[in-house]
């Protein structure tokens, strides 16, 4: 196979996630040796004027309000889906039909059925597919993975994941799209607890069954256009977990935790040690290794050149930020593209994640444990 | 009623808990103005020689190996039960029959039925009864209670309690009495999760229903006399909680969390703020109050004279320790005794706690939510 | 020599320090095996009524307002000096003349000359003398000492000590005795920086020379009886240090640091590792040992039975408080008394500490380095 | 004056600092509305091949090994100096002679005399000049500045700055250029303590006098080409400070603090509150405001849209990294350029900083306080 010198990206969406992805495409090759050069070819959005402005700001060569045409263009190599969950299926299937590599924001879809359809679509064509659970590629998280894989924690007994935010605790906060089931699929469950579930699967393994609890504290909110509308998604999602390995755990996502802004935290306890991570201090990993009476949780500053992805950046102690997790995701995506290999988390990971979300919803409704 | 000048204590048990209680009886009057003076009259234990040594060391005037006789003595005012849970019922009922005030270690009993019997016993005689959930009286915890009662957190949405230790994570650790159902009633559930449940009830209110998970990671352990024996209690206990108030929560007790020595931690999120406490840093309370962009979790050093129980001790920043929680418990017990009033947590609290423990066990067995 | 079964204590003073010392004398034998039993024989104070109340509360058999007579009594073994610094010399010399063992609060005296006179007094009679720098005997500090002595930090390069409080930052706070040179000798320098200097000497070794800075931010304050009076002591004391060993350091004491209540903190950097301690979290020791890319500062919870003094108390994770440092001091004092051995820090340590304080004062006045 | 649409940058140097600056020039316009568009025109370096590679990687249109020609080119608007300190003077004077705006890495020069010459050079032409003390523009530091300026801390009494690293603690570490006086000017003093001094000046005001201590622990090190060479710069620099305002302080820079990777920390105590910052947790600001018994140090996550520079980035809790401080510096530089205004810190700030460094060196040599 003739290796292409460039990889041309069509990005669908330019809001919050779109800005993070575009930055990743721009920056990846500035700090990492890449086998092919990413080209920010076109950004798509419904609103032509805003898309034009986004193209200029984000650095895309073109803009378009017709993503259907763009994803079919022969010069496009990658479709990067940064839209809300209700459009993932349609875009991904079209991109798959056109044979494109696909990077898709999480959760993969708004329902398990849609996610499975997307997986079938990409697998039928043997395409490169990746779901953007970007937190896997924080250096501290990858370091946690390395330590677990090396057996430094022994057999894992416990996973304790919380993803807490506070932006809707005020009942006067409006009923935005993320609080609408038709657009967002679910509330805290799919938006943030899904990240904790991805980290649980990444670090501890597959989840066998769950007992879930969904709760909506504020059932009705002001509409942005005036009047009030119902909140039909969960404000908080909690679950007990049993893993295939025999480990047990908890996972919780809530947007009702004042003071927790982006508190994606986990703690893992194994037979020989423990690990803890908090996204608000994403350059740190807490490690406990049992080594006698002078043991203690130590704060590893995950900025050593030997830590994953770090040597491309700055000297020890010079910290990275949120956006770097996207850059690292894109770096691995591009390398996989060039090598003709697969990369994780892929759409199958997305489907497995969705199965856990689905089981939590079922369990909450049926008030009993459900297989994931 | 003629007020007695002294309150004579018979303490049953002199091991770990017995040492903590005896210290509390000795120290209470040294730092607090008490209406009656505690007298450490007699300490009871099965082994006469050891009881004698304990009396000498702990400061009791007498020792005895016949608690049945002691609790019936007319000069004894208080029976303080510091034995394992399998003897609580018998001692408490005898003390109640003799009309004594009773302070009893937690959990109140090994089963709900026993606990209810004990409650009936004391209520029949209208006695002073208290269960020693000592952590309620850490100044930082009482400060948390005060802040919640003042409405500083608004409506409570979340409780997140974990009590983690690591002393049995090594499979070679022996099958001590705390791992034996006949003696201890349960494992992490009754020993440590029960503390988290007491704090949940104290701070957030009654628990309506639970979904529980009990797990034993190491099913068999060396016996101290040689050979191996089964572990028939839980190594870890987890539960989802729904409170009467509408709040939701999690509680977890485990002795398999390396590096967590006595990590009795809770976080509470309300509509206006959040609180967090960790027993390993028991002089601190974390408080978040929403007050604009310069808000943040603040570490209150709970050593201000205005904080509960603190003015009897040292100046600000001069910290207290574990044993002080028992001293504060005894202070309130003695004051209630002298005033002829009740004090919390009483045996009814003990029963309510036990109902939650019982519901977690049932839920774990039936794999479905259970009323508490 | 016939070993006495008891050691009879006469304590001079019953305020803050007096309460801490009396508690130590009462508690030492309850938790530690002591070769002789401390007897709280008599407490002395100028005000007879208050002394009587103190005897009752603190547990002394007698009280007196005539310390001169008491220290000469043949039944008294130990004189424990808990008064302000301006009376240390007189009491200590009388006690020495009477051949008593002496435990004296820090700083040893208000001036170097007085301290040297006291040292000469006790050395002439070969008595047991100890100055109560109680923080040396926090388990975490003793653990720091053990680690340094074992060479775990390698060669020490840096000491960084701060002792910060905030109780006089308000200019309306009255001119209490601690702000009066005639009574207190100095301000933050002798009261709190002296603790940091003691820890520096204990952990790093003798100080060769200093460059000091004393500052009084609020020169005049309300008098308690009305009117205003001058503050003739330092509000803050800072110094650069050069140690005999070649290490360099800083020390700072201030009562003008809002939010720092009893922030006696040090950090030590050696060629192979670092240590940090903060009295507000006195059960913790931070240790960094260079061991490759997963190194990090670890929080040792200094509550392991193997840590100094801990096995007499509670299981791991059950923390100690401020008062325990005095108990440990008394334990070692009593053991030394019974064994006829010496114990540190003794009056010579007190004098050496005072030499550093004196050098800081001189250096501040002369604006140049001074030998210590 | 006709406003230019673009600002063309010639950057001298492409190593560590060069990479950080180039990234800032590339990214500034992607996240911020800029009045003119930065163009990365040419990067200069001694080694032509490496400069070519740097141009490609960093995104410059051209490269050159003749900076003298480049800085004189009429199409160049800005000269950005990212080389070691020994070349700053020559480049800056040439750029000034050509009338260019200048952004210069810190410290401004290797000696005070050179720095003053540079200042005279730019002031003679009334050019835009800025020294890149990038840490001023961490959002948490700017927030600290805002709080101080608003009077939230009251009158400032104390500044306590440390900048600690550990990369040369191993005596086998080679004698790199930063340990050579001829290249680097000084050691920890100019490299890192100068940052603390800049922050002290920024936040507390001008420094009136200092007592300094410089120490070299390892006097000789392996040369990279073989053999051994002397270390003629300081390994650690410490100083006592007196500010014009009456505040006092300490500053310390050391590369001999194991575990401290980039520990640029300061604490400031005022009459009404305190502030603390640590670059290793650069998204956080610790604030204490005296507000009664529930006061405490609070951790402000400096990621609120209202915090300086933050609204251009991500939602609350999504943290920034080291490189963002350079981007913010460039944003303000570009805005000042377009507006024809000045920006701080400028070359005069660089000179004032250098005067403090110079005074510390003099004081260390003369063993007495020196005016700054």
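Should a chain be cited, it is by its letter among A, B, C and D, assigned in written order, with residues numbered from 1 in that chain.
Rule of thumb we're sticking to: a contact is a pair of C-beta atoms (placed from the backbone, for glycine too) under 8 Å apart; a residue touches a chain by one contact, two chains touch by 3 or more.
Computed from a predicted structure; not experimentally measured.
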{"item": "Chain at maximum distance from chain B, centres defined as averaged CA atoms", "value": "D"}
{"item": "Which of A-B and A-D has more C-beta contact pairs", "value": "A-B"}
{"item": "Rounded Å distance, chain A centre to chain D centre (Cα mean)", "value": "35"}
{"item": "Centroid distance [mean C-alpha coordinates] between chain B and chain A, Å", "value": "42"}
{"item": "Two or more partner chains touched - positions in chain C", "value": "260, 295-297, 301"}
{"item": "Complex contacts: residues of chain B adjacent to chain D", "value": "143, 147, 287, 293-301, 304-307"}
{"item": "Contacting residues of chain C [partner chain D, same complex]", "value": "157-158, 160, 162, 164, 166, 169, 171, 211, 213, 215, 217, 236, 238-240, 242, 246, 248, 250, 252, 254, 256-260, 267, 269-274, 288-290, 295-297, 367-369"}
{"item": "Chain D residues touching chain A - in the complex, by the definition given at the top", "value": "16, 20, 23, 26-27, 30, 57-59, 165, 167, 260-263, 279-283, 301, 303, 314-324"}
